[in-house]
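Got some structures for you, see below.
Paired with chain B in one complex and with chain C in the other, chain A is shared by the two complexes that follow.
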Partner chain A sequence: MFTGLMTDTWIAATIVAIIAGAVGFFTVLRGSAFAAHAIPNGAFAGAAGAWLIGLNPIIGLATFAVGASLAIASSRRARLDVVTALALVMMLGLGAFFFALSNEYASEIYSLLFGEVFGVAGSDLLPIAGLGLITIAILTLLFRPLLLSSSMPEVAEASGVRSRWMNVVFLLVMALATTLTVPVVGTLLMFSLMIGPAAAARSLTSRPLLAMAMSVGLALLTVWAGIAIAYESGWPLGFFVGTGGALVYVAARLWAGQRRPARRGHRWPPHDGPRREQPQTTS
Partner chain B sequence: MAGAFTPAEELVRLDQVSVRLDGREVLRSVSLVIGPGEFIGLIGPNGAGKTTIIRAILGLVPISRGSLVIEGGTRRRRDRSFGYVPQKLVIDPDAPLRVRDVVSLGLDGHRLGFPLPSRARRELIRETLASVGADRYADARIGELSGGEQQRVLIAHALIARPRLLLLDEPLANLDLRSEQSVVSLLARLVREQRISVLISAHDMNPLVPVMDRIVYVAGGRAASGRAEEVVRSDVLTELYGHHVDVIRVHDRILVVASPGVEEHTTTQPAELSVIGRAGA
Partner chain C sequence: MGWLSLLASLPSNEAVRTAVLVGGIAAATSSAVGVFAVIRGQSFAGHALADLAATGGSGAFLLGVNQFWGFVAVAVGAAGFMEAAGVERRRGRDVATGIVQGAGLGLAALFLYLAAQTTTRTGATFTVLFGSMFTIDPSGIPPLLGAGSVALSTILVLSRVLLLSALSPELATVRGVPVRAVSISYLIVLAMSVALSAVAIGAVLSTALLVGPAATALRVARGPIQAMAAAVAIAVGATWLGIVLAYVSYAWPPLGHGWPVSFFVVTLVVLPYALTHMFRRPRPRALSTAQSSASVPQP
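Take a look at the complex of A and B:
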């Protein structure tokens, strides 16, 4: 399983795991898991639309991914859930419509749901690597401002880091990552690779850089193990990567829970709790 | 109060500043001067406009009328000479950020790329944490600390860039009595030892009275400033609120009490403008 055509599979899957782990670190930190679900799944409909009018599905994928990102980015924080959900259902609706128009079974498009990791061609690798490098370069460059605005947006604003712009940039990075990874691992695997490893990593360490590195490491581990077992067993890769991502998270939480049980008591400061008693007079 | 500092010394000068947000005038002709080494309390009921004043100084909300001059006009608003501790910050308890990372982000969180680790940097972070009494938990996860501990870390985050003015929005809300007193004395010590100015907003001025140089009382988008005994008076506050209020001294406190029958004219709940001061201010 390490020869010939499979070499390209290993290389592509490795690049995808690195991207998903790195983007996933910020996705989880920002609480953007829903966007990470909506953007790849909605973009899938774009691929169907492009295929229908005879364009390269990747162009449709990229267009819809960017469109979804901008729609989500334009929303106010309080309406984020609703806007994200509506962007997703609208795009899925369009996808169903495009399929109805085509009258054909578009296996090429359906494969985008779970990817074609075993069918990666050597000629696909260069664009994947190129887009991957761009994604990593943006995340490296913006590491500190993104970290600050993701964890403490009000504080970031005062030091000149506009949370709004950071949000737009981050969602566009997610669109870029989607365009790059979905043809390889599919929308569903992309989603699980972005969330499971990153969420597990932050249970294992409180150091930001180490957490990002561990997120990448766990994503690599999940994908590599998934491909190896899927190749040997003939069972679907989606099964192994999906359950693998969730299991990595559960294992990390259990480990963290064992390590710091005493801390659990006073985690959330009572921000909105009743004020302490003080003598008050009312008229 | 104006004229106590030369224009070049003034850190902030607001002249007749009005701010409109979503078509509503939230500040009306507010004037305020902050000089070097001053400890100023921004006092008033919830919704009076305290946060808007702070955000206007930081350049985060546009001013519709009046003028705002930062450091005698020598600096642009976006320059990071002011530290800021926002109101009610909720930090994800699982966020992979240690206390030292939060403070480190205060030094250069706006810069691109990764921070280069250096001994000088580590030492500066340690010193800053020690100056707010938070060095014991430098390696703890920020989200797992108590409200009072987080408050100290955020003050360290704001202090490490050596600001000349520290703006704190309701830092005492939701703290227990002991944390409240220790944060107030920490701020008073910073003003004394590091010669920085502090503008702190609070709906309850009690804990601040012993340390404040001046008070800026905000109600209904308007403000009156001066020493506590000049401002916390029935005539001044009646003018500010637009309806009659009494200032009553009971034991060690000053109570500001709305007169009976004015509820329909007030925009604030009577309970919120009850206790605002302590006698002997």
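Take a look at the complex of A and C:
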């Protein structure tokens, strides 16, 4: 399980889990689950198109992921979900079309949608690691403004953070994360890796840094356990990651419910989050 | 030569007649229900239902049952679950939807994998996710038509009440509307229409028929009833035109086989919405272009 080709699988999956956990923290905080679903799925069509004209699928993934995030970012808040849905189906329709053109769909569709982690080659690792580092760097640099505009948009505006730009930047980060994770876990399950662990972490703590760390940790746990079981059983990894993400969330909610029964419900944006953060992190 | 003679043979083709019938009823139901989905801001819920329907569809494929029953069973079950969890605020609701959806997709991955292992039929992934209207079994039409007409008449009967409870739940409660019962029956109708569209243009694309025509109609129509009529017209028109184009595309150059129907339908549904954005209001064209060019330099 830990030899030869499997080493590359473990490394790639670890990078993917770290990215998904970190980006997922903001996804859950901002309530942009639909965007997190739409961008990877739109990117799927890009990979299909790149395949068709003989380019590296990564290029197609990146192009379509950025396109999807800009389309979502350009819409006004009231029509956000409609535009997201239509951008998504349009790209999926294009994907179906590209695959029909290329005449060889069945297994490629399956692997793009549900992932092909056991087929990761050593040469794929460098671009994945590079894009991963960029994603983490952006999230680190923008941690505070992004946190503020996600949890308290009005306060953020008042203190000079442009919420609109933060939204664009965040969606582009998601596009970047998508580009590097989709070839590994597939479009549909990149999504559950972003939502499940992050939502679990949010229900366990309201301190932002801790929640982000827990989100990454739970994502790692989900992926590692998934790979081990998938390797032993021969069943698809997508199944274990998808259901694992949901299980982690349910377990976290039960645990949180048991520990703090007196608290009245979960306040969704952590209104005490940014305020409680220590000023020491700035300098 | 080629495509004209194909067009001439269109009405006599059995598969096309099935597609026109099933596509028409799916489009009419989905777009009428979609008006309420858009007003209530439930595009994501509708799409999640579609993805979960894909789980049911792939399960049905694995068992060798008619896919429609798989779509309906899972979508109705999921709609009930989402109604139970739907009391939370909007952000929490989206995240809960996403988690259920993720688990469902994981199951779909397993079912499709097992189907590829155990059955000799290929193309399960493509059929379940992207649909193929020309391969619908004609013997399965009666239940589809039945489900469609039940859903459509329910939505027509409920339309006034639904509108009231969507726009002002408090007022609806005061007026004595059973808000919760209405909401549950609405979700069941939503699930049924998603299942119908999933049969017609594929599970992951069924959102197109649900959201696209309704969003376009709500931008152009004056009232909710007109919006429903316009949405149905757009959806049925796009579906039928898509069928004709896909049929004719058998004679088009790059392929030698047909282009996917679902691709045409999705494009024809999204295009009008994009157009309503370019021409915001029915104004004299010269005025609106002058205004838009004047407003460009402003930040």
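In the analysis below, the second predicted complex is superposed on the first by the 258 of 283 C-alpha atoms of A that agree within 3 Å, B and C clash if a C-alpha of one lies under 4 Å from a C-alpha of the other, contacts with A are read in each partner's own complex, and residues count from 1 in each chain.
The rule is simple: contacts are C-beta pairs under 8 Å (C-beta built on N, C-alpha and C of every residue); 3 or more make two chains touch, one makes a residue touch a chain.
Keep in mind that this is a model prediction, so the values were computed, not measured.
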{"item": "Touched partner set for A:E157, first chain B, second chain C, both or neither", "value": "first"}
{"item": "First (chain B), second (chain C), both or neither touched by A:R79", "value": "second"}
{"item": "Chain B versus chain C as contact partner of A:V185, first or second or both or neither", "value": "neither"}
{"item": "Touching partner for A:T140 - first (chain B), second (chain C), both, neither", "value": "first"}
{"item": "Partner chain in contact with A:G31 - chain B first, chain C second, else both or neither", "value": "both"}
{"item": "Chain B versus chain C as contact partner of A:L218, first or second or both or neither", "value": "neither"}
{"item": "Chain B versus chain C as contact partner of A:I195, first or second or both or neither", "value": "second"}
{"item": "Contacts of A:L92 with chain B and chain C, given as first, second, both or neither", "value": "second"}
{"item": "Contacts on chain A seen with chain B and repeated with chain C across the two complexes", "value": "31, 266, 268-269"}
{"item": "Parts of chain C lying in touch with chain A, wherever the complex brings them together", "value": "38, 41-44, 46-47, 51, 88-92, 94-95, 97-110, 112-113, 116, 122-123, 125-126, 129-130, 202, 204-205, 207-208, 211-212, 215, 254-255, 257-260, 262-263, 265-267, 269-270, 273"}
{"item": "Touching residues on chain A, where the partner in the complex is chain B", "value": "29, 31, 140-145, 147-148, 151-152, 154-161, 201-203, 205-211, 263, 266-273, 275-276, 278-283"}
{"item": "Residues of chain B that touch chain A when the two form their complex", "value": "58, 60, 78, 80, 82-98, 101-102, 105-106, 108-115, 139-141, 143-147, 150, 154, 157, 161, 167, 173-174, 176-177, 204, 206, 253, 255, 257-260, 262-263, 270-271, 274-275"}
{"item": "Touch list for chain A against partner chain C, complex", "value": "28, 31-34, 36-37, 41, 79, 81-82, 84-86, 88-90, 92-94, 96-97, 99-101, 103, 105-106, 109-110, 113-114, 188-189, 191-192, 195-196, 199, 235-236, 238-246, 249, 266, 268-269"}
